[in-house]
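I have placed the structure first, in the form of C-alpha cells, so that the comments after it can refer back to it.
A, B, C, D, E and F are the chain letters, set down in written order, and residue numbers restart from 1 in every chain.
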Amino acid sequence: MTDRPISRFPVPSLASLPQDIRARIEAVAEKAGFVPNIFLALAHRPDEFRAFFAYHDALMERDSGLSVGEREMIVVATSAANECQYCVVAHGAIVRIRTKNRILADQLATNWRKADITARQRAMLAFALKVSARAQEVDEDDYAALHAHGFSDEDIWDIGAITAFFGLSNRLVNMASIRANEEFFAIGR
Amino acid sequence: MTDRPISRFPVPSLASLPQDIRARIEAVAEKAGFVPNIFLALAHRPDEFRAFFAYHDALMERDSGLSVGEREMIVVATSAANECQYCVVAHGAIVRIRTKNRILADQLATNWRKADITARQRAMLAFALKVSARAQEVDEDDYAALHAHGFSDEDIWDIGAITAFFGLSNRLVNMASIRANEEFFAIGR
Amino acid sequence: MTDRPISRFPVPSLASLPQDIRARIEAVAEKAGFVPNIFLALAHRPDEFRAFFAYHDALMERDSGLSVGEREMIVVATSAANECQYCVVAHGAIVRIRTKNRILADQLATNWRKADITARQRAMLAFALKVSARAQEVDEDDYAALHAHGFSDEDIWDIGAITAFFGLSNRLVNMASIRANEEFFAIGR
Amino acid sequence: MTDRPISRFPVPSLASLPQDIRARIEAVAEKAGFVPNIFLALAHRPDEFRAFFAYHDALMERDSGLSVGEREMIVVATSAANECQYCVVAHGAIVRIRTKNRILADQLATNWRKADITARQRAMLAFALKVSARAQEVDEDDYAALHAHGFSDEDIWDIGAITAFFGLSNRLVNMASIRANEEFFAIGR
Amino acid sequence: MTDRPISRFPVPSLASLPQDIRARIEAVAEKAGFVPNIFLALAHRPDEFRAFFAYHDALMERDSGLSVGEREMIVVATSAANECQYCVVAHGAIVRIRTKNRILADQLATNWRKADITARQRAMLAFALKVSARAQEVDEDDYAALHAHGFSDEDIWDIGAITAFFGLSNRLVNMASIRANEEFFAIGR
Amino acid sequence: MTDRPISRFPVPSLASLPQDIRARIEAVAEKAGFVPNIFLALAHRPDEFRAFFAYHDALMERDSGLSVGEREMIVVATSAANECQYCVVAHGAIVRIRTKNRILADQLATNWRKADITARQRAMLAFALKVSARAQEVDEDDYAALHAHGFSDEDIWDIGAITAFFGLSNRLVNMASIRANEEFFAIGR
C-alpha cells in the first residue's frame, strides 16, 4: 500500500460533488466494489467529467460489430503505446473479465502483434495503432484491409473513435499522474 | 468549389437530426454564416456528437487564466503537429478573429517556435506539444516551467486538456477525412 | 505590423549591394510590389546569394514535365515537413497564384495526403517527401511508382532536386530566423 | 491453455540435450516448479545456450551495488521498451517476488517514469533506457548524474551491461516468437 | 597516435589476468599482430569476458549457410546503425580481409542499401536491421522474404542472433567508450 | 573494380560538355589525378552543375573562422547522418588530407560524439547535426553555446550553411545513386 496521491490535482470528496456525478460514482463503486480513481480525479472538473463519461458510454456501451472484449483490447493496446499506467491496468482487468482470459491483457500491453488473437483482431489493432500514432496517414487501403476481415464502415468508426477517445484519456492521466487503484492489478488473474 | 464529400462517412440531413443537435447546428450557422462541416460529419453519431461538443464547451468556454485566443493558439499548434487540415484551417480562422492578427495562425501552423508570441505563450505551447506527443514524460519540471511564467495548476490542466481533446478531434477528422469548409480559409485575412 | 528583424543576421541596405544583386532585387520588387525578405537576408553573403538564386532559377524556370504550379506544390509540402515559415508562406502565395486555387496551399501545408490533388500529384509528393526525410532509402521501386504515373526520369530528377534545394533553403531560413513578409499571407486569398 | 508452439524454431526434448544443459534445466525446473520456455527454446543451439546463461549469471548473480530486485527492474523496464513479452512477463514475476511488491512490475512495464520507485532508481532506469535506445549518446554527464545518486562506476557498468544483455535476449525472443509460460502471469500477484 | 584511454573503465594488465583469458588474448595477438582493445577492455570483468567470447565464437565460428564474410557484413551494417566506432572499424577490417574487397565495408557502414552486394545479401541485411531496430515487428512475412532468397530457418536464426549479439557489443562499447585500435583503420586497404 | 554505373542518370562525355564545365572538370582531374564522379554525374544538368559548384566554392573556399579541415569534418558528420556514401567517402579522404589524421574521418562517420576532437569542434558538430535534422528548433541557446566556444555569428552561418548545402548534395546523391570513385577509399590512409 502507498500513501501517494491519486492525482497531482485536488481530489474532491464524494460528498462535495454534484448529485449526478456522485450518483455515477456510487453506481460504479457498487458494481466494482471500490471507486476507480479516474472518477474521483476527473470529478475535479464536473463539466469535463460529464462529457468524458458521456463520450465513454457512447462508444463502449453502444451496439457494435466489435464485442465488448474487443473494444477493451483496443483500449489496452493503444494505451500501452501511449504508456498510460491507469488505462493499461484498469482496462487490462476488464479485458481479463470480458474475455475470461488471464494472460491476454498482459500480452497486448507488451506486444499486441504477438498476442493470442485472431487475424481479424490483429487487423483491428493495426488500424487502432495507426490512428493513435499516424492518423494523418489513414487512407482507403486501411479501410480495404479491414473490410477484408468483415469489418463494416461503422465498425471502423468504432475502432478509430475508441482509439481517439482513449488517446485523450491517456494524455489526461499522464498529465495529472492519476494512479491506478491497487485492486485492478489482481482482478481476473 | 469542389464536389468532394465532406466526410468519408454518411452525412445526415439537418432535417433528420434530433432536435437538440439540430438546434445546436442552427445556432452555429446563424453565428458563422454557414454550417461548419465538423457539425454535420459528427452528427452521424448523435450521442458522440453531444459528448464531443459538451467537452468542447467545457474547455473552450469556461473561465480560465488562458484567454480565448490563447486556447485557440493551442488548438492550431497541436493540430498542425497532428496534420489535421480541418482543425488547423477552422481554428486558424478563429485565431485570426480572436487575436485580430492576420498572420499568427499561419505562423503557428508552420513553426510555433518562431511565431510572434510572448515567452509565456511559448512555454504554454511547448507544454501543449509535449502533452500531444509525449505525455508519458510530463513531470514536475514541466509544471515548474509553467509556474515560472505565472500559469496556475488550473491553467496547466486547461492547456493539457485542450491539447488532449483536440488530439481526439484530430484523429477523428483524419480517420473520416472530414473536409474544412472553404469559407474558413478566407476569414480574417 | 511588427518591428521584429527580418533576419537574425545583418541585413544590408539595397544601396550597399553589388550591382548584379541589386538589379535582381529591384526586378523582383518591381514584379511583386515589395522586396521578399529572403533576398535581403541572403544578400548578407553575396556569393552565396548568387549561387542560391542561380540554382533556384535552374530548377524552377527550366522546361519540365512538371508544371510551375506542381513545382511550387513540392516546395510547400516539403517546406511544411521542415517547418519553414518563410517557404510555406511565400510559396503558398505562389501556389495560390499559379493554380488559381485559394485553398490548395493551406491543404498542402497541413496534410498533403488529403489535399485536393490528382493521384499523379500525390505520387509526386510522396516521392518528394521521401527524398526530404529518407533519401537514403530511395530505390527502383520509387522510380517505378512514378513511371506508372507518366513521370519521366528527368521529371523525377526535377522532383528530387527541387526537394533537395528547398531543403537547403528551409535550413538556412530556420537557422537565421528569416521572417516572411506580411504581404505574402494575403496574396491570392 | 493453448497449443501454440513455444518457439518458431524446433524445441528439443529434454532427453535429447547434452548433460550439462539438461542439468541446468532440471535445476531451474526444480526451483520454479516448471521449465521456463526460454531454456527449451534456446537449447535449440547448445553452444549459444551455454554462453547465454553464463552471461546471464555473470551479471545477475554477481555481487553488485544494485540489489537483485533493482537488476530485475532494469530488465522489465528495458524489455518493455523493446516490446518483449517473454522478458516482461517472466522478469515481472521475479520483480514481484524479489521486491514483495504486487504492482511494481506492471507499473514499470507501462511507464517506468511514474512507477513507485525512488529518485535513485529513477536515475538508474533513465540510464538503462538511454543505453537501450541511444547508447551512442552516453557521455560523462550521464555518469555524473548516477554518481550524484551514489552509484559507483562498477554499478554503472552493471546497469549498462544488464540492459545490453537483455537487449540481446529481447531480440532473440521476438525473432523466434518465444512464448512466456502461463505460470509466470500469476506468480506473486 | 593518441594517449586517450582505450576504455572509460580500468584496463587490467595482461599479467594480472586469469590464465584462460590471458591465453585467449595472447592467441589473438599472435594472429592479429596486436591486441584488439575490446579484449583488454572486457577483461575488466572476467566472467563476462568468458561469456562474451563464448557467445561470439558460437555464432561466428559455427558452420552456417552464411559465409564468414556475410556474417561480418551483418556486424558492420548493424553496428553502423548503432553508431559503434569500435565494431564498425574492427569488423570493417575483417570484412576487407574476408571478402578481399577494399571498399565494401565503408559502403556498408554508410548506407548498406546502396552497397555492392547481391539481392540475397540485401535481404539478409534488411532482416538484420529490422531485428536491430524493430525486432518486435518481425513476423512470418520476414521469414518468407528470406526463404525466397534460399535462406533456411537456421540461417535466419544466425542473422538474427549475430545482430542481437553485436547489439549487445555495440551498447557495451558505447557505454564504456572503448576505442578502436589504430591498426584496424589501415588493414586491407 | 566494378562496372556499375556511376549514376542512375545519363553521364555525359567530357567532350560533349560546355567549355566552362569541361574546364572545371579538367582542373579538378589535374589536381586529384582522377575525375570525381560527382562532377560527371551533375554535369547531366549544366545549369545546376554551375550553381552547385558556385555554392560549394562560396562556402568551402571563403575566409572563415573555421579551418578547411573543420569544414570538411562538418561534411563528413552530417553526410553520415544522411547515409550518403559518396559524400562520406570523398570528404572523408579530404579530412584525412587536410587534418593529416588517418582515423578521424572514420570516427566522425560512425559516431562524431566519440571522435578525437576538441570540445569546440564537438559544439560545432552538435549544431551542424541539429541544423541537419531539426533546424526548425534552432534558437538563441544554440547561438550562445557556440559563442561560448569562441565562434562568431559569421562562423555559425558557415556551420549551418555548409550543413544545409551538403544536405542538398546528400539528397541528390542518394536520389541518383551516384557512386564514390574507388580512388577515394585509399587516399590518406
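Quick note on the criterion: a contact is a pair of C-beta atoms (placed from the backbone, for glycine too) under 8 Å apart; a residue touches a chain by one contact, two chains touch by 3 or more.
The structure presented is a predicted model; accordingly, all values stated were derived computationally and were not measured.
Note on connectivity: the fewest chain-to-chain touch steps from chain A to chain E number 1.
Relative to chain D, the most remote chain by averaged C-alpha coordinates is C. Copies chain A and chain F of the same sequence differ in orientation by 180 degrees, per CA superposition (steps of 5).
Centre-to-centre, using mean CA coordinates, chain B is 44 Å away from chain D. Our note on geometry: chain E versus chain F, Cα centroid distance of 28 Å, whole angstroms. Centre-to-centre spacing of chain B and chain E amounts to 51 Å, using the average Cα coordinate of each chain.
Residue positions 83-84, 111, 114, 136, 174, 177 of chain C each touch two or more of the other chains. Judged by the touch criterion defined above, the protein chains form a pattern that is neither an open path, a ring nor a star, and not fully connected either. Looking at which chains touch one another, you get A-B, A-C, A-D, A-E, B-C, B-D, B-F, C-E, C-F, D-E, D-F, E-F.
Chain B meets chain F in the complex at residues 111, 113-114. In the complex of the two chains, the chain E residues touching chain A come out as 136-137, 139. The touching residues of chain D, when paired with chain A in their complex, are 2, 4, 80, 83-85, 88-89, 102-103, 106-107, 109-111, 114-116, 174, 177, 180, 182, 185-186, 189. On the chain B side of its complex with chain A, the touching residues are 8-9, 44-45, 47-48, 50-52, 54-55, 57-59, 62, 82-84, 131-132, 135-136, 138, 143, 153, 156-157, 160-161, 163-165, 167-172, 174-177.
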